[in-house]
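Data block below; observations after.
Naming follows writing order (A, B, C, D, E and F), and every chain is counted from residue 1.
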Amino acid sequence: MSSRASGRRRLDPAERAAVLVEALPYIRRFQGVRLVVKIGGSVMDDERRLTTFADDVVLLRSVGMLPVIVHGGGPQIGDLMERLGKRPTFKDGLRVTDSETLDIARMVLVGKINRDIVGAINRHGPLAVGLSGEDAGLITAEAADAALGFVGEVEAVNPSILERLLAESLIPVVSSIGRDRDGQPYNINADTAAAALAAAIGAERIVYLSDVPGLLADPEDASSLVELIDARAARRTLSDGNVGGGMAPKLRSCLLALERGVRSAHLLDGRVPHVLLLELFTDEGAGTMVVHEDAGDGEEDICR
Amino acid sequence: MSSRASGRRRLDPAERAAVLVEALPYIRRFQGVRLVVKIGGSVMDDERRLTTFADDVVLLRSVGMLPVIVHGGGPQIGDLMERLGKRPTFKDGLRVTDSETLDIARMVLVGKINRDIVGAINRHGPLAVGLSGEDAGLITAEAADAALGFVGEVEAVNPSILERLLAESLIPVVSSIGRDRDGQPYNINADTAAAALAAAIGAERIVYLSDVPGLLADPEDASSLVELIDARAARRTLSDGNVGGGMAPKLRSCLLALERGVRSAHLLDGRVPHVLLLELFTDEGAGTMVVHEDAGDGEEDICR
Amino acid sequence: MSSRASGRRRLDPAERAAVLVEALPYIRRFQGVRLVVKIGGSVMDDERRLTTFADDVVLLRSVGMLPVIVHGGGPQIGDLMERLGKRPTFKDGLRVTDSETLDIARMVLVGKINRDIVGAINRHGPLAVGLSGEDAGLITAEAADAALGFVGEVEAVNPSILERLLAESLIPVVSSIGRDRDGQPYNINADTAAAALAAAIGAERIVYLSDVPGLLADPEDASSLVELIDARAARRTLSDGNVGGGMAPKLRSCLLALERGVRSAHLLDGRVPHVLLLELFTDEGAGTMVVHEDAGDGEEDICR
Amino acid sequence: MSSRASGRRRLDPAERAAVLVEALPYIRRFQGVRLVVKIGGSVMDDERRLTTFADDVVLLRSVGMLPVIVHGGGPQIGDLMERLGKRPTFKDGLRVTDSETLDIARMVLVGKINRDIVGAINRHGPLAVGLSGEDAGLITAEAADAALGFVGEVEAVNPSILERLLAESLIPVVSSIGRDRDGQPYNINADTAAAALAAAIGAERIVYLSDVPGLLADPEDASSLVELIDARAARRTLSDGNVGGGMAPKLRSCLLALERGVRSAHLLDGRVPHVLLLELFTDEGAGTMVVHEDAGDGEEDICR
Amino acid sequence: MSSRASGRRRLDPAERAAVLVEALPYIRRFQGVRLVVKIGGSVMDDERRLTTFADDVVLLRSVGMLPVIVHGGGPQIGDLMERLGKRPTFKDGLRVTDSETLDIARMVLVGKINRDIVGAINRHGPLAVGLSGEDAGLITAEAADAALGFVGEVEAVNPSILERLLAESLIPVVSSIGRDRDGQPYNINADTAAAALAAAIGAERIVYLSDVPGLLADPEDASSLVELIDARAARRTLSDGNVGGGMAPKLRSCLLALERGVRSAHLLDGRVPHVLLLELFTDEGAGTMVVHEDAGDGEEDICR
Amino acid sequence: MSSRASGRRRLDPAERAAVLVEALPYIRRFQGVRLVVKIGGSVMDDERRLTTFADDVVLLRSVGMLPVIVHGGGPQIGDLMERLGKRPTFKDGLRVTDSETLDIARMVLVGKINRDIVGAINRHGPLAVGLSGEDAGLITAEAADAALGFVGEVEAVNPSILERLLAESLIPVVSSIGRDRDGQPYNINADTAAAALAAAIGAERIVYLSDVPGLLADPEDASSLVELIDARAARRTLSDGNVGGGMAPKLRSCLLALERGVRSAHLLDGRVPHVLLLELFTDEGAGTMVVHEDAGDGEEDICR
């Protein structure tokens, strides 16, 4: 006869039961639900954050969700260019991508960052498979703007390789490289690519993890977090120009995803540990949730 | 733009994340796991307890477990006998069951208590199906002792109807009536029936919900709960006779289940709200866990 | 070398061949056909009749039909009420059902009669499974008339549990208890419930077994059996009021079943041994057959 | 309102019910059971007999049996040879088969008799498919005796084409032509071929329809029919030489089939209308049944 | 160490690679494609031709095509009639078919020629299964012209037996005998039957193998082969009457097949060894290809 | 009417038919056969070679083979190291791989060469999917030699991701990076990795494409090609040291593959256009074939 009591102080049983009773309906509801998570290059700089992120992704899958990861890697591409003595050129804030830059971007995204995410997840078992948009024709690209070189936009998505991997309960990790109809590769903005993939696989949610708390009512005031916003208000905010730093393109991608059938989009602070779990499995959520105009609170759908 | 903050005080995010990170591996591990829950007649006297119990059972199923419910009903049988002016006769503490008593038992168990449990679960949807051991030949009984009349023991279990219902994600609710090979019905002790069914369907766990906290080291001292005991120690405790009130037959049923391949048996206090969730989804568990002699702590198997 | 000749006098081979040649096409035609058989409480009073009935049901299934049994139990409910000193109240010929009466009805129907039928069938093997309309949401009820208390009407049928059991070649035996959307149980007229279930599972035939020969042209003259009647004539007969005793509600249920797609309804004398076989497998049939107005003889469909 | 009474005198309901109650268990028992029926050339000479035979075969299939037909055609082959001015040569009672005779046999069996049986069955629907042992490698033959020319014995059976057709509920009709490993066709005795096919498909029964009542204890006395004989007695009878006319080779084929796992073999009088139904679906059977030595009566296996 | 060099002179590697690079796309394209091949009685007179034909059919199937063979047999029918002293009567070039002639035709086609083709193919394994239109109701016929007797036309095709055999990768070999709705057999022109079967199974191609090179622009000039013709030109050629000998009915069958959805029809010289392979797997093809009017060259569809 | 004759001179029909008749049995035989093709970094330097290689791989798949591509990339890794000013260090001819070198190797292999092969194949459709040994736990590595740093050997292969992709008729393209049990990536020799993968998926053949003609009896004499060698002779040759340049490790990998169940290994000259087709689909083959000691010629297995 022995006791199973552990050393550290614990919540009392009623408190724990309350969290479980709150979480289980979400878990039930999310069974088999598809979810695209875009993780930004800046979040992955910290090894511990990457580990916690991978843990959370594995937990989501373990309770029956079907996550697809899309990643960026801007800072890391810049680093390698610099090491190779190549000076980035920008046009209207977008990196001009010549053939050599494209090779570098591809090597960094597919050959380094994607590998690191796959590796972090697969410490839990043979779960993740890395892809780029070139694999099995996943993303067909087209030139975004001749002046930008090999910067592409998503022309079409063929999600069948994602469907196959999801059907096997695998976790696809996607680098946002695509090919045009002539076989020319292009580098594609990962926020937009994530939205296009979410739409193509019928994801219910898309989550953007970056290094800010979410959408701020006042970009200067970190405490002015907007918890819930609908598409109409989001469009108005964008046209008012009242959106801070890198948040505008993310908000646009959210709207794009919603227009194509995704049910809600979430802007979360990737620096908060387990922010994915808090968003998905608690009533309060986290960060900013963007919903359809006629969606009401969007959380009432828990009851079956 | 609105806030989703709710009125009541909440645990802070890190606390909630901690419960989730603790619970999710159990949830993962219990996917598709079969579980027999025996609920005693005394627990069901309170309508609110029945409702909470039904809620928990639905939650278990919603996260992928496959629960089978077995119920008793001694007090309720006594009530109807009394109303019909029939005086119970006991022999060595067991109710002597003549043909009329059997009819009464069957009506109360199958026609009343089983119906109430099925009804409470089905408020959540068309989930539960009531059965007795007579349906589809589930339980073949034989007379336990000629002097006791139609009190039966489990001779054989044909679990195919349970398999079929579980395969459809339905929740079987079983009254412990069986038939012998000549078609004669018998009333069977529900604790033993639960153990036999658990073995027959390859349940990983069996849980007994009654109105005591579990096995007590000192039957007089409610604070002397034994949290973990292995089969050898349990047998010794039984032969020492140091087991309080109705706990001895339950402990014997636990051992029976373990001998036939069930991995652990649990004696829980059915009066504690959500005690099933606390037992299954937290590290500390609840009540008394009975394990195989060579099982160690029995909780180490969370990691995949 | 020995002879297989049996003792008792036999039909000559040509006679036997004639019965077989007549029966086999019906057997072929009824392969996989669904059939609802409502058996009245009065028929089951005689143990031998119940046995023969169970034998016939097993034979039907053994040649590929898919029977569903629905049973009544009025007399037996009355008996228990009396024993409990409870005086039945009737309003317009319908039993007023207070909460206690409902409990009694449920115990008698689900806990006694249903069990007896299941038991009689299962003497042939693990074939029958007892259900009430509460199981897996089979019958959603609504109050028939506030003045009658918990007497319900069928609001909706969710036949999926029947489909599942039929798919496994099991024989469902249904007690006509339902629940309303708030979880309140109701006692439902078994004739109507049988018609609603027949419609919901796409049964081709519905058979009512009671203790009269069928519909009589002259209710006073047992030899005036109507062998065949179409829906229009049946409605006229009902409106003429020229229908004896308990036959009117049965005839109405027949019409209800026909309106919802059942192909023919049969009023048979449950006291005639093997009346089910004679009706189904011989050219002459038995009792009264109710068909659609445009159905002609209804038997011409034997040829494939 | 009309009566369904038919004109001709009928058995009374109890008599008809008795036949059905007797037949239905056989029908149940024979569900999915495979049966090889060898029909002799002499039986088919009468067009009406062929029609009744085809009707019976369709009835067997319609109640779930899986019949395979094998046919002979000796008299008809002789006819065509004669018309072509070709004189049959016999050696030890077996037809010497030169290349031209083989061509004639093949044309008559495959191109005429097989076609007639297929045609008679298919008047009931697209049910029968004609085969010879050459199709899909069904029968590999080898020369029986160099002196006999292209008279073959069964060397091997590849039943997959039969399995495929049976799986589609089709009725294979087989002409007993085979090919050796070099592609040379051979004419094979149809009685033996039937036994080999029955063994290869795991048939439970094999039936030989010829123009005699069965095995006679005294070949001169048509009333001395042996109703039941076991393998040992049959072998003794054969070695005693006390077997009339063409019955000896049939009895040998029966023994062959039994040795290879067929459960019983039946020698029936193909001139009795519906003899197949009488044999299969009544307690008394018809003709001679040959069973394994340790089989007892062989009919006790009706109860499931 | 040894050399694998073979004795005979070989094409050089580049030449062989060129043939393969040319053939492989056709092979890819024809995977799972259905093809009806009609082989004329005259082609089969030569044993070696029959062997080569069977080899080619097996090769087609081995690379994934689904060939169905239809055969004629006019000359062989004439031979047997003559041997039986029966003088053929013709009306407008069509053989008048009395009951005896029909029997002879059936015996020759089903019992001889069909057998020979099945045998030749099955030397490669258990691949071919012989059928006539009577099997499983494959071809329903009707009288073509009362004056011609039992000469039939295709009234309907029930391709399910072909579908079943093709689904098992078997090669059906069909004799063009059909039955009318009363069960009367008819002899049917094999060219027309082939076209009707091709349409019924959704064949992509139909090939006629006869003893002429194809359609000739000048029937007198064997070098005037028309390699490609569209349906409109073919109809015009037919109405011009400028079609030699037996080619007109074949060309009409080609048009019939095209009208019912077959994509191209081919008139090939069955005397050229491996002409089927050359037609299917090389750019140049062989013989005459008949295509839809709007088909262009018909070969552009190789690229996927 | 038009001619389909093409401009360029063609082989005559008999020659073409001969190539087809020779190739088709191989095509038949290779249906569903798995094949690992290792392509060396040097072969891929020429863009046209990569294109022809991709074409051939697509052709193999189009006729039903299941190719898996493994690639190297030594020269290309060296290039990037040089551009980054990093000097390669070698120890016993093996590149010492520090953490930075590993990152470079991974970027070049996964992010550049793998992408180029996938891209070249996918010009034909969405067929190829790039992988490294890190994906879904494909290759578990262990350090080869502490002095070499992150140079790994294959410890275990988990082929399930390959199985899944092959089951979908996709073409996996694998970079030879693996992870050890702690998640540390390693660069692995691609020749060895190819052999291990071939064994793990039960490949029938493994092909090494490099820039030499195959194994030479005299390493100095390019005309001394060994066409066929068995494992014993190959081992002797290796121990004699009589193997030129980079051929020794390839020959060792061939032996490794054979030991683990691969049926034959092939050393081909990747500079010869369509060398894969010539090897697989012609009797003469190409390059050097390594077979089991008891294999005889190894080509006799064409006949089914």
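Methods note: a contact is a pair of C-beta atoms (placed from the backbone, for glycine too) under 8 Å apart; a residue touches a chain by one contact, two chains touch by 3 or more.
All of these numbers come straight from a predicted model, not from anything done at the bench.
Visitor: Strictly by the touch rule at the top, which chains does subunit C share as contacts with subunit F?
Guide: Looking at subunit F and subunit C together, no chain touches each of them.
Visitor: Averaging over Cα atoms per chain, report the distance between subunit B and subunit D in Å.
Guide: Roughly 59 Å, centre to centre.
Visitor: I'd like the Å distance between the centres of subunit A and subunit D, where a centre is the mean of that chain's Cα atoms.
Guide: About 72 Å separates the centre of subunit A from that of subunit D.
Visitor: For subunit B and subunit C, let me know how many angstrom lie between their CA-based centres, rounded off.
Guide: Centres of subunit B and subunit C (C-alpha means) sit 36 Å apart.
Visitor: Where in subunit D do residues touch at least two different other chains?
Guide: 125 - these are the residues of subunit D that touch more than one other chain.
Visitor: Considering only which chains touch which, label the overall pattern as line, ring, star, complete or other.
Guide: Ring.
Visitor: Enumerate the contact residues on subunit D facing subunit C in the complex.
Guide: By the definition above, subunit D touches subunit C via 1-6, 10-11, 13-21, 23-25, 27-28, 31, 55, 59, 62-64, 124-125, 217, 226-229, 233, 272-274, 277-278, 281-286, 289, 297, 299, 304.
Visitor: Residues of subunit B touching subunit C in their complex?
Guide: Against subunit C, subunit B makes touches at 83-84, 103, 106-112, 114-115, 118-120, 122-123, 125-132, 134-138, 158, 160-161, 164-165, 168, 170, 177, 179, 183, 185.
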